[in-house]
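Letters A, B and C mark the chains in the order given here, with residues in each chain numbered from 1 onward.
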Amino acid sequence: MRPALDLATAQYIVEVAATAAFAASGVMEAARKRLDAVGVVVVACLTAFGGGTLRDLLLDRRPLFWVQHSAYLWGVFALSIAAMVAMRARHRRPTEQAIVWPDALGLGLFAATGTQLALETGWPMLAAAVIGVVTAVFGGVLRDIVCNEIPMTFRDRRPYAVCAFAGGWAVIAADALGASDAAALAAGTVVTVALRGAALQFDWRIPAWRIRD
Amino acid sequence: MRPALDLATAQYIVEVAATAAFAASGVMEAARKRLDAVGVVVVACLTAFGGGTLRDLLLDRRPLFWVQHSAYLWGVFALSIAAMVAMRARHRRPTEQAIVWPDALGLGLFAATGTQLALETGWPMLAAAVIGVVTAVFGGVLRDIVCNEIPMTFRDRRPYAVCAFAGGWAVIAADALGASDAAALAAGTVVTVALRGAALQFDWRIPAWRIRD
Amino acid sequence: MRPALDLATAQYIVEVAATAAFAASGVMEAARKRLDAVGVVVVACLTAFGGGTLRDLLLDRRPLFWVQHSAYLWGVFALSIAAMVAMRARHRRPTEQAIVWPDALGLGLFAATGTQLALETGWPMLAAAVIGVVTAVFGGVLRDIVCNEIPMTFRDRRPYAVCAFAGGWAVIAADALGASDAAALAAGTVVTVALRGAALQFDWRIPAWRIRD
């Protein structure tokens, strides 16, 4: 029984699946906006790596994670080109369904790792939870900004960023209770994914601020 | 008589009021765009902290100011949630009137501190004045980009960024004349606020470039 | 015969011409969007310096190049103000024609220097080529985002970023073959400019992904 290794392997699998899901959501949004092939690859990269890059800039971490692990960069290039060759419009709805869970796993894992890295750097709790949200969510935000849309996650009333925020606090709580890094990471990911799953299952909505202009 | 302490207290009061004014302008713009509660909080934070964060990234300063003083982060969270609970559409116009002066004070203070920090880092004059403008103005620019608008301050012909630019040069001049840091900061803030006040009072307009397409 | 010096001079001339061309494209886009004078200057700076600034942030290089060489900053300020005073709408099409070649030279030079700096920092090949593209292209991307457009280079199907990408790989190949820095820089620039020229000459198009929504 080597649980630490198993956890690391699980983390790696989640990371790969989530990066692919983020890139796929970039490919689909780019295609919806009728970008050309270059635009599709760039938006896929921005969606997959934007949040983590912003995290690394804010925490002043170098090398950037996609520089250190440039296999991810090759993978997203390959995935976007394969998607353009293989996918057709009729595949979009099935693809959106297929990436819901890897996307939720990525939301949880990236929020948890972002929060944990910030805590290691000595950031206070709220700032650490915020950087977790930035890590998990700002790839999609940059995707929508480049595609000239108000970021979906700020207006569709579906709990998304807020699940990541809760997962970040789970990491902080686990850390304060003396849990190991691996346990805190797992706790944060599980909390985010469970909340996101419940939100989708029970069709939860975030309140919006009614306004008459 | 301890003027230095008084000045520090004055600076702190201005900083708090201006941060609240910036956050309030983010809340109002987010509400106008019918963002959900998560979007409102994010846009409020981006407006309040975006310019200073960009300054810290460009000057390579860590910890980021909202990480060092995370009370501001708590404050903006609380303010946006309170605003959503308490405010109604009919309060928007009064609120816009109420934040004109704290916003102008923030424009002046943030431009002056940005310029001063850049001078301390050894930046040349024009670059220091530019970073002052970035500090003071780019929170609002990011707010408008996320809300899918051309930034207001680049197109409404009201002097805003240009007042901050003048205030930055006042800091540079005071610094060159051997003034203390506190005096230079005060001079820059006063110049910006006076110009901004005059611009509003006398309805000054920036020339725009007429073009027939 | 002092070829090294000549090459440095050539690089400097290209850099100046390309920075002016980038700034001019910012001025024109800002005017098209009817920004005011402040907006025109800001968008000109963003277009001219945005890509290089993002490169310096990602590579963690300080001082930023426009802080180290603040003459460029003065130059872009002067150019945007001169353009607003002197240019009229009827000059826009001629100006667009006039900047095609300096813009292509800048595309090549900035992609090559970006890639080379990344290689010096120890980045892997693909990441280095990507940062070259970011350096050369993201000024224009930021220009279009601020002007509330989907970045032109991601949707107009004209080879632009992809020429910079090829030039980056030329730098990487030259470097791997043991060429001097100057030779690698020249090779990368020439490859990009030649491809860009051929793309314009023969009206090449990038495939776009057809989609029925």
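Some observations on this one:
Rule of thumb we're sticking to: a contact is a pair of C-beta atoms (placed from the backbone, for glycine too) under 8 Å apart; a residue touches a chain by one contact, two chains touch by 3 or more.
These numbers were taken from a predicted model, which means no experiment stands behind them.
Annotation, chain A versus chain C: rotation angle of 120 degrees from the Cα superposition, expressed as a multiple of 5.
Residues touching across the chain B-chain C interface largely differ between the two copies, under half of the numbers being common to both.
If each chain is reduced to the centroid of its CA atoms, chain B and chain C end up 30 Å from each other. Counting partner chains per residue, chain B shows two or more touched chains at residues 57, 60, 145, 148. Those residues of chain A that touch chain C in the shared complex are 30-40, 42-43, 45, 53, 57, 60, 62-64, 66-67, 70, 73-74, 77, 84, 87-90, 92, 145-148. Of all residues in chain C, those touching chain A in their complex are 57-58, 60, 122-127, 130, 141, 145, 148-151, 153-157, 159-162, 206-213.
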